[in-house]
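Common to both upcoming complexes is chain A, partnered first by chain B, then by chain C.
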Partner chain A sequence: MDKKPAVIEKEAQKELELLRAPAPAPLVPLPIEVLVPEARQQTPAVRQRATRPDARLHGLGATKYIDDMYLPGMLFCKIKRAGIASARILKVDTSEAEAMPGVVAVITGKDVPCNSFGPSLKDQPVLADERVFHAGDGVAAVAAVTEQIAAEALEKIQVEYEPIEPVLDPLLSLQLETPGIHAPSPNIYGHKVIKKGDVQKAFADSYKVYEGQFRTQMVEHVPLEPHSSLATWDANGRVTIYSTLGRITLGRADISRTIGVPMSRIRIVATIVGGNFGGKNEITTEPVVALLSKKTGRPVKCTFTRPEEFTSSTTRHPLIMDYKTGVTKEGKILGRQIRLVLEGGAYCSWSETTLGKACILSAGPYKIDNLYAEAFVVYTNKTMTGAMRGFGAPQVCFAYESHMDDMAKDLGLDPLEMRLMNALEEGSLSPTSQKLHSVVVKESLLQAAERFGWKNGNGHGHGNGNRQ
Partner chain B sequence: MAAVTLLVNGEQRTAHVAPETTLLRMLRDEFQLTGSKLGCDVGDCGACTVIVDGKSVNSCLMLAVQADGRDVLTIEGLATKEQLHPLQQLFEEKGSLQCGFCGPGVIMSAKALLDENPDPSEHDIRDALAGNLCRCTGYTKMIEAIQAVAQLRQDRPAAKSVA
Partner chain C sequence: MKRRGRGIACMWYPIGFTVAANPSAAVVKINEDGTATLLTGTVETGQGSLTILAQIVAQELGIATDDVHVVSADTDTTPMDTGAIASRTTYVTGNAARLAAEKAKNILFEVAAPVLGVKPSQLECADHKIQVLGFPQRNMHIGDVADRARGVNGQPPIGSASYNPATVALDAETGQGKPFATYVYATQIAEVDVDDETGEVEVLRIVASHDCGTPINPMLVEGQVEGGISMGVGFALEEEILFDKFGRQMNPNLTNYIMPTSLDMPKIEVDIVDSYDPTGPFGAKGVGEPTCVSTAAAILNAIHDAVGVRIHSLPATAEKVHAALKAKRAQEARQITAGAA
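What follows is the complex of A and B.
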């Protein structure tokens, strides 16, 4: 429907008038807080829930841990464990196992190009060859077409041992006349001393001097996912190892050393790990699967059984801790002497880190001007110890806090008051004379005491909680 | 070798396995259903929990041949292409899983519980999870998520049939 020319003209006129209208007044700029939120409000973090990027796959059961990986032609590996704490290996006969249908290859310590490794001291064999240092040592490894056949083949491997008297007590191991487990190396393989002020004088000046011995036991990390690794070689002589290893760069150096292949030819794929807690910080089965895979020309996977997690992976160091503390009548600590004996088990692993940390932290969060702390780590013929959350810190905490409770009780003091009296403050010096900042020991203690109702009698005494 | 025919996540499957094969190994090795995990192989950790004929069981303690003719539900059978199972959704939202290894077993135990008891108390939930070990996050967030699912279903009874 056509518009009449007159109408069109009128509309055009209107448009022109609009165009000629005076420009609107410039907009008043909006206040800055309307335009842009304040920096601290821009990305709120506190009290926000962050969704884990891997949560979806975890819940679907679709996360691929190493044991969930199956490569074509893959073989299953099982490791024969010594089951004897200390022995000389006279003979390993694998012939019967090798003859079993389904068994593709068997290796022993003699097949490992360089049979020693470790994060600091190289005192750990991949598979024990001449000597067994603890019951969880591997002595042979089988690759078979099914896990069941591999497990059965272990039963057919005959090992002849000449037992050696094991050293199981760390205090016995500490004695210089005790035969060296890794002779000619001594049983004490790490030592640290922290000295400050004059402890003997402090004891002489004290109202009372208290002594106590505290011990902690061996603890296993028990990750829900057992250690696992899977190796496969390519045609150019490069090996890819999928591993639960937490420290892959360090691990690659140890794998290179043990299997005699340059690091440039080793590719490590670190996968999602089903719990580590410090227990997956060094190689375990990686050289074994790499060597079996090389021997068979097929991918080889090895997953620890739950018993192997307990016997053949690292654990937390058991400590024997002797404390001696001199105090005034009011409860002020004048001096403290400490001796720590760390039980390292069969191999060094991360003992040096644990030794250092335990020793530095052994005085506790308290101002102690006169201190003598001495720590030793010794070999025993038991499961090796290594990294585990806190590297020795929880053990000494158990000792110095129990010691504090014992003293407070005897002095008739409120254990909280005694702690507050001795607690580190802003600018206090640590046992190694490091100046401490952001110290909130007292504030934390007071807040905790208030929260759980210390004044009302909650938390007094051991095992005195409300039973329901 | 023994032939085993069963329903797995609503689908009929058959496998020929050695008689000593556990249900867990058959699910993982024969059907590539690796969501069920092997944590201890002795029925302590619960990472292998699946639902057989409506009951939560440790699949590492059940022989594959014992599952012959039965109805097995694994973690892979919960979500559809379109939507997550409410338990999976809430476990994700509440941050109930850390390393995730125990997750599939925990979720299956929770499903078996909610199927039987739509309004469980915290004690009921703790009891249902007694056979599932977690070493990372603890159980608080899992319990919160399971309670939230139960609440969700009571608020919207119609959603029950979908889930």
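What follows is the complex of A and C.
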């Protein structure tokens, strides 16, 4: 085929260009970020599966937790635990520990300027001074040049106790007359009622009335990183505390109160925290390291051992839950009566919040016009309970959902259908008569059932239990 | 013999404190290059909340998550926050961060409006630009506007705001009132195998369908759900602090306090329910605590479905399930004997 000369010339030029050496690369550094925008670099930002900026550090093991921090001249603190659930402290002798080489300072509850704190009731000491309320109470604290010496010094501290019969059963505590464990305060330190409609009439109108009692246990948060804090004072009398606290603003108020230093002279830095789950919502070692650091003029660090994490931090409230529910023949709930007893352990901590949430949520995500829910929280001489992921909700959910399945089985109903029949809807009134918005109980039930293959009978059929 | 069973459990859970004020404050500073800094007093405790807050600020300013640096958890530099508690960070701190970003953004709108020849109310932020509503081609780069705000108008774009959920106190006698601003809802379904000779329970699969309003970051929502389920599995089957008769803990260590490891985890399938809360930042509510609420209930209902025994107290250890199976068999044997007689 004939080609026009101009075209041939153009093609020849193209070939020449191909043979020419490539232009030198511009003298700029290589891009350090990927060229294709990742989720973190895209707009709009909401709904992006953006990675966390700290993920890389965690992945490389480069994250610095408080236990990885060392300041020049830093001392290590260990706390002596009572090991007895209930006693009067007659005498604490720290002289032998103080005489040990490497021990720089020892403090007891008497050295704490204001030895009480707590989110609602100020019933908890920093270090027990007159009375031990549970075995995990601290009675003295040592600052030494090494962790080993501090631990050995604890063995040399002599504490004389006058044992007091501990109260370990929450139902017994509920019955005990005042004065109670924290005399003159009563053992029942929180009570809540949610009342709506007429439960007795609803039971009378019911086709059947079901009852059940459910109990839950005490569990720990078990964060990978235990509680830790490090205090250091400057020459102007200002203290900086690095802490695993999840709530620094209120933590600072508690530290200010207990060590008697104005808030303007306290700086709290919460570093990256290795797990919280509600367990790091209040002060633990912070006042102790601040006072030891002040006494010694050196930075002081304290990290809980794993056993201390169990015995001396908060735990989840064990609950005893009595449910009584009246239903129609079709499975519609007419009325429900609930009684909850929360075991608070030795101190109030976040019991008030747990009591309130457990009581309000105890009816479940259901439309119940006639309701009577009553909840008590009592002291015992066991490990203190406090905030933990769900504030009483996992406990009451175990009860109301077990109860629901028992009723469904007896009525010959599909557990899914019985829930759908009673579920809250947009605009439903809650147990406290709050008009609810953006309610999606039914949507979540149907979505989960669809994904699971509930209606196809998935997971069902081998057993001899709740068969349809 | 292993017997298969399934159990369903749904739940509701509130966001924020019960009636009590639980405010958050936030400060947003827009830099001269169009990136931003958020100051917040909340603490990152592993859940990814600082990433969520960065995404909320970025969304308000039309920039990317990576463009927002978050300074947190220092009482000397960051504003008041009630903290990482009560599943409140996305909703409460998120609302404060969004309002602070909006205030800083309004300064940029004041600066850009005369340049673009429109009123501030006719502007929007999108894709690193401040643009005229309906006429996106009429725009300025957010960095140019921020630089102009400082260098020409003398008004650095900084916003601060606080937020506290709206509640109404509960009546002392009846408990009636509005304790929380909003709630989330969820369902979990568990599939288990129960060994009817040993009582051992193996959780095979959990399907979780959770409402969190708008998922600001679906990956972090899934992470929370998976973590919550692992806590729920431990609560259902293994974990328990035991006391001796003197009130001392018997198992305060990870040798004798048994909790689920990765090998004990079931297959987890997470769905996010389509939902929007007009009171939350961009429709978001929260997700932290609710993820562990219904797991134990679903597992215990599945045990009941598999072998027909109702365990009334947690945890449902193999010993407890075995004892319940034994009691059930003894009762059935008595019924057969009575029937024969």
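What to note about this one:
We take it that the second predicted complex is superposed on the first by the 407 of 468 C-alpha atoms of A that agree within 3 Å, B and C clash if a C-alpha of one lies under 4 Å from a C-alpha of the other, contacts with A are read in each partner's own complex, and residues count from 1 in each chain.
One rule holds for everything that comes next: a residue touches a chain if its C-beta (ideal position, glycine included) is under 8 Å from a C-beta of that chain, and two chains touch if they have at least 3 such contacts.
Given the structure is predicted, the values throughout are model-derived calculations rather than measurements.
In the overlay built on the shared chain, the residue A:V273 is in contact with chain B and with chain C.
In the superposition on chain A, contact is made by A:R306 with both chain B and chain C. Looking at the shared chain after the overlay, A:V222 reaches both chain B and chain C.
Contacts of A:V289 after superposition: neither chain B nor chain C is touched. Using the contact criterion defined above for the overlaid structures, shared-chain residue A:L413 touches neither chain B nor chain C, since it reaches no partner. In the superposed pair of complexes, A:A135 makes contact with chain C only, with no contact to chain B. After overlaying the two complexes on the shared chain, residue contacts for A:I338 are found with neither chain B nor chain C. Put chain B and chain C next to each other and count what each touches on chain A; the higher total goes to C.
Looking at the shared chain after the overlay, A:F452 reaches chain C, while chain B stays out of its contact range.
By the touch criterion defined above, A:G59 lies against chain B but remains apart from chain C after alignment on the C-alpha atoms of chain A. The contact surfaces that chain B and chain C form on chain A in the two complexes overlap at residues 49-52, 54, 222, 272-275, 277, 306.
Here chain A touches chain B in the complex through residues 49-52, 54-65, 67-68, 70, 146-148, 221-226, 272-275, 277, 303, 305-306, going by the rule given at the top.
Residue ranges of chain B in contact with chain A, taken from their complex: 18, 20-21, 25, 28-29, 32, 34-42, 44-45, 47, 74-76, 78-79, 84, 87-89, 91-95, 97-104, 107, 133-136.
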